[in-house]
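Naming follows writing order (A, B, C and D), and every chain is counted from residue 1.
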Amino acid sequence: MAESGNTIRAMKAPELQTSGWLNTAQPLTLAALRGKVVVLHTFQIFCPGCVQVGIPQAQRIYQEFDPDRVAVIGLHTVFEHHSVMGRDALEVFVHEYRLRFPIGIDRYDGQPQGVPSTMRAYQMQGTPTLVLIDKNGYIRLHKFGHISDLTVGFSIGALLSEEAGESGQIAEAAEPDAENAACDADGCSI
Amino acid sequence: MAESGNTIRAMKAPELQTSGWLNTAQPLTLAALRGKVVVLHTFQIFCPGCVQVGIPQAQRIYQEFDPDRVAVIGLHTVFEHHSVMGRDALEVFVHEYRLRFPIGIDRYDGQPQGVPSTMRAYQMQGTPTLVLIDKNGYIRLHKFGHISDLTVGFSIGALLSEEAGESGQIAEAAEPDAENAACDADGCSI
Amino acid sequence: MAESGNTIRAMKAPELQTSGWLNTAQPLTLAALRGKVVVLHTFQIFCPGCVQVGIPQAQRIYQEFDPDRVAVIGLHTVFEHHSVMGRDALEVFVHEYRLRFPIGIDRYDGQPQGVPSTMRAYQMQGTPTLVLIDKNGYIRLHKFGHISDLTVGFSIGALLSEEAGESGQIAEAAEPDAENAACDADGCSI
Amino acid sequence: MAESGNTIRAMKAPELQTSGWLNTAQPLTLAALRGKVVVLHTFQIFCPGCVQVGIPQAQRIYQEFDPDRVAVIGLHTVFEHHSVMGRDALEVFVHEYRLRFPIGIDRYDGQPQGVPSTMRAYQMQGTPTLVLIDKNGYIRLHKFGHISDLTVGFSIGALLSEEAGESGQIAEAAEPDAENAACDADGCSI
């Protein structure tokens, strides 16, 4: 991310690196979603802040906006307790919580351990993390922990108003605000 | 409001007609707010849906957005029980609920009775009603009852992205959804 | 209130002193309610902590328990802004919030000003205050501010289990916890 | 459960049948808890109604009442998706949700499959289920789905008021109210 003076240029969103998908017949790529605003919601199924706050918010976004213009994507970014958060557990979770939007599984280089690839590429600090990607594939919002519906809605409204094809500025800078390596009411940090 | 085909042109927002103001040294006019997005929140102090849902939402909007770009205005539109919802009662309410945004008092032609002037000019159906007015003074959202933070945030984001000076279309049509002349969980209707 | 060792004897509940009633054809007296557990909920219509927390709790209690065994009584104890919280305003509030339980109006010696009589007799610190009175007319719980449904339910269950006629001990001591003379999230203090 | 006229006699609570425990050095038995009121909360870690409503309620009960008088016990009664709800997953869940009360794991006769033993002995219909057991070891409340804090608190208050040693009646009859074999907002049924 290059800075010059007060102007911060948005970072191109790294492509998703996944080992599988739920709720979609075909794997999704950010490349194929150019022209839409992408809401990328990353979570873990045993992260209380995700289950109680982040996931319900992602569901609201999925329900309120037109999928032809706003693509809501979940990403299971497991960075701890890997053995009990595999695909089989995720499938049960998604089934029981009635989640309908496409959910990718973040990939590991080898065996599931440590921080998975997409999470690393985005330099995420933990779960839940919400990332907004504009029509041209640039990261415009990157938030670890909770974020209000007003702010998310506002950002989606601003990004949808942009023309595809023109380069944008950052609507709101990422605000790293976690420092502990555990779960609290806000989420689970690395 | 003129219609041609599927295109509905937005209505110019009628100027506020008030008999007094709280939380501002000078009376506000929509004319003087051109260039800003205006969030007009109308309420009554004894309307449960206003006190429990509408007012807290107006406060969140006031706290989250830059007042130089988004003007949050309350309007006390008393259409029933006039004798117990005068300025003195409103002042106590505003003081106890710690409201900080400017609040106008909708005006009557003579003695306080019936539906007040601004409420009539906007053809509002009851309280709470949220009206979004764009930078050029056109009504772009007009909602009686509750509306989600996601939708309000989205609409503000979309309207802020517009240039002042260019005419807009309706972001979302008003959806009249009240039919009873009383208060329920959603609000109080005329 | 006499103390001996660790034993605190409960205080006899002072009789209600009222200037009027809503939701009951006949004025209520504690004397006539002997044999029932009485839940006395005091409030003011412009106290945010009452409207948002205390009153809804009183409604839940009224809905869940048998009125033949548990008498829920509201008491409008206005100690500030008297001119805008008269009987007419209370009637509108009770109507709009759909309150069904009997509500008394605390009485003043002369003109409405200062702390009203019942509130003074109970040495209440503000609103909301919840008072539980046992079958024999003794105060067993006296709480300014919020109190959890679990604790209220528990106390009612314990008091109902007692025989009328036998003298009780204090289930939970009053815990004065307010020090400022204004309204906050918890309530309004004198 | 014997009935005679309108009198329903409470059923002796079947002993817990467990294959392991968390948050306690020694396995718990109901027999050893005679003299206390026991709050038995059964759940599954992927049951939304448990995670969002039942578990938080159990935590509140655990925090508000004296453990010397009220024993709160969790019981993981897995009747579906057994392969992803083993002890290792439960341990992660309990760690991340910061649960502190003792939690038993309901036992199977052989391999984990179908409805586990304690759940069968109590004829539970699904999760969450709350069971209140009196000082003498009798079931006094048995509720599948949600139950209000007022009612739970009330029941605990009533049961604590009873003498150990005397036989009780049912405070509230079990009200079977589930009919579908899946999870909804209330819970997961068999």
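Keep this in mind: a residue touches a chain if its C-beta (ideal position, glycine included) is under 8 Å from a C-beta of that chain, and two chains touch if they have at least 3 such contacts.
These numbers were taken from a predicted model, which means no experiment stands behind them.
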| item | value |
| --- | --- |
| Identity of the chain that, by mean CA position, is farthest from subunit B | D |
| Euclidean distance of C-alpha centroids - subunit A vs subunit C, Å | 49 |
| Chain centre separation in whole Å, for subunit D relative to subunit A (CA means) | 37 |
| Subunit B residues counted as touching two or more neighbouring chains | none |
| Chain contact graph, described as a line, ring, star, complete graph or other shape | ring |
| Chains that touch, pairwise | A-B, A-D, B-C, C-D |
| Of subunit B, residues touching subunit A in the complex | 60-61, 64-65, 148-162 |
| List of subunit D residues in touch with subunit A within their complex | 45-48, 51-52, 81, 83-86, 88-89, 92-93, 96-97, 183, 188 |
